[in-house]
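Structure in structure tokens, see below.
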Amino acid sequence: MPVPITLDFLLCQGDFRLEMHERVEARVVALFGPSGSGKTSVLESIAGLRSLERGEIRIGSRTLYDSGAGVDVPSHRRKVGYVPQDLTLFPHMNVKRNILYGARSDRDGGSAEGLEQILSLLELHPFLDRRVGDLSGGERQRVAIARALTTAPLVLLLDEPLTALDRGLRARVLPYLKRIRDELATPMVYVSHDEAEVRALADWVVELDGGRTIRSGPALTPSPKIT
Amino acid sequence: MTGDVLAIAWRTVSLASLATLVMLPPGIALAWILARRQFPGRAMLETLVSLPLVMPPVATGLMLIWMFGRRGPLGGPLSQLGIDVMFTWRAVVLAGAVMGLPLLVRAARAGFEQVDRRYEEIAGTLGASPRRVFLTISLPLAKRGVLAGALLGFSRALGEFGATIMVAGALPSTRTIAVAIYSYTETGQEAAATTMLAVSASIAFGALLLSNRFASSA
Amino acid sequence: MRSARTLTVLAMLSLTACGRAPDPGPGVLIVSAASSLTTVIEPLAEAFERDTGIAIELNLAASSTLASQVLAGAPVDVFISADHLQMDRVAAAGLLRPATRTVLLSNQLVVVAPLEPPVLPATSPDVLASFERIAIADPVAVPAGVYTRAYLESVGLWRRLEDKLVPTRSVRAALVTVESGAVDAGLVYRTDALSSDKVTQVYAVPVADGPEIVYPAAVIAASADPAASERLLAYLGGAGASASFEAAGFIMPKARR
């Protein structure tokens, strides 16, 4: 189900200036562009990890940031599921504890089922007791995604989740992302510099360069060759 | 005399342990604040914490007497409650904790500074309050630094003399190994002094062995 | 987990520490006395305890340390100093009961030398000029050193000997230095010389010539039990105590004030 997403803000950091003016209804908003264009900064702004000059950030019915109304929800209350590019899995916890870190049994109701669904979706049952350092790249990626999902987030923020993976792995993880989009109905903001990925997942694409929006609009339907 | 020696040694070790436990909460808190937070007066705080390291221990001892003596700002109210600090075991713990704290803070702070802030940030996005981040992410990842600091603080408290003799006196009931060695030498009891010296060296040796095992098994 | 184990061990050790010795509360007198009095005063304190049932905790350290403690508010009942200087510091702050101030003891300066090489006894302080290195207690901070300097100045030897002097942290340390042979001679108290079998007495400064060495004693104003404190002072000034003091080499003072 598409969800109203408002990303309308200004970020200034040293010489860097990032402006967004998107108000859309979408399931997956993709941010596309070369490195340094500000894609990661957008995700971090949604997650509450950056100070903004002014603007509004809304996901669904929740306002995360509204400079006009003096709203700036602290990062730990935003309920965003952020999967950073470097994953940042907690080294001192095993896979299970990593995944469950953000899960709160009281609020999410029937969370045991929700957890089961996530673990099955990402095929993580065999890895639960393993140390994070023992996993392969693709496995770690899935753990990071699962960890973000167990918080039952308003929105999933994914920063180049497939970039570090080889072609074969990419082909195996992309379907997971599609299933998350389709089966969990969690909206996503998805960063990539790969057109094919973007076309496979997104329904709205924002193309950035140097902090400015070059183009934004509905994604083109994926051509049958790309999966 | 053996009974005495054992009593003094046991007292020294147990009071140093207590001093270490006492210095841990404020030490960890200070280390974390100095590692992570910017605020006006931060340099002052840093200096204040380092003071016992830089001042002559006797001077620190005098300051402690001034604060915790019966007429002092802290000692007065405590005395009203029937709690005496000076010339009791509490003074030994106090001196040990105050002298060991700077060492604990230094090592623990280095431990916290080495924790990648990224982990703390991401933990926050997963819904962890700042308090939970500290307890589940920062502190566990800084564990080695904190433990090293605790060991340093403990060793310092174990061998503490200058401040201890000021604030705990050279009473038989509060006599630590260091104070005992001083007293025995002052009064010409060579044999006793030498025995205490040997005990002190053994404990220090044992502590060092332990700390090395800690460091290598980490 | 390692840290949990460490903490547990620490906690267990600490628990044995709590409440070990009863606090010096009412019924216990805290007596700060110069450490040079240790060997004599310990048995006297025990005897007093047996006779009166009043418990005594002896705090034996350098007089300057003891005075500093009282000045900073330490809960001391009786103070016995090794010179007037330290006692005056406490008096100046109004922390004594002036009426109780008395001179308990006196002492005598002697010149001592290590057993080897053998040194003949002398009849004059000029013998000091024949030594290379002489240990004395620090003439600035330590009572014994202050007395020593006063004496040497009074017999015109200070200038001549100044460069040969090795100041030590206490008179006891001076004695130990002589015992070790690191110096050729030292100036210490007669009581110290008598307590050691590793030095010979070369020259005893006649009491009339020497500085007036005194051990003043007084009850501290804030004492929790002034009556018991005065009883202790009376005991220490009595005949039985005097016999013990003299046996150790102390001299009874010329005047009590």
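Order of writing sets the labels: A, B and C. Residues in every chain begin at 1.
Just so we're on the same page, a residue touches a chain if its C-beta (ideal position, glycine included) is under 8 Å from a C-beta of that chain, and two chains touch if they have at least 3 such contacts.
Predicted, not measured: the structure shown is a model, and the values here were computed from it.
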- Message: Closest chain to the protein's overall Cα mean, using per-chain Cα means, please.
- Response: B
- Task: Taking CA centroids for every chain, report which one is farthest away from subunit A.
- Result: C
- Task: Please work out which of B-C and A-B is bridged by more C-beta pairs in contact, and write that pair.
- Result: B-C
- Chain-centre distance (mean CA atoms) for subunit A and subunit C, in whole Å, is 77
- Cα centroid separation between subunit B and subunit C, in whole Å? 31
- Message: Distance between subunit A and subunit B based on Cα centroids, please, to the nearest Å.
- Response: 46
- Check each residue of subunit C and list the ones that touch at least two other chains. none
- List of subunit C residues in touch with subunit B within their complex: 2-3, 6-7, 9-11, 13-14, 16-18, 20-21, 23-25, 30, 32, 35, 38-39, 57-62, 65, 68-69, 72-75, 170, 172-173, 175-176, 192, 195-196, 222
- Item | Residues of subunit A touching subunit B in the complex | 47-49, 74-82, 84, 86, 88, 90-92, 101-102, 104, 147-148, 151
- Query: In the complex formed with subunit A, which residues of subunit B make contact?
  - Reply: 118-119, 121-130, 133, 136-137, 140-141
- Note on the structure: Per the touch rule, the subunit B residues reaching subunit C in their complex are 10-11, 13-15, 17-18, 20-21, 58, 62, 65-66, 69-72, 75, 84, 86-89, 93, 143, 146-147, 150, 154, 165-166, 169-174, 183, 185-188, 214, 217-218
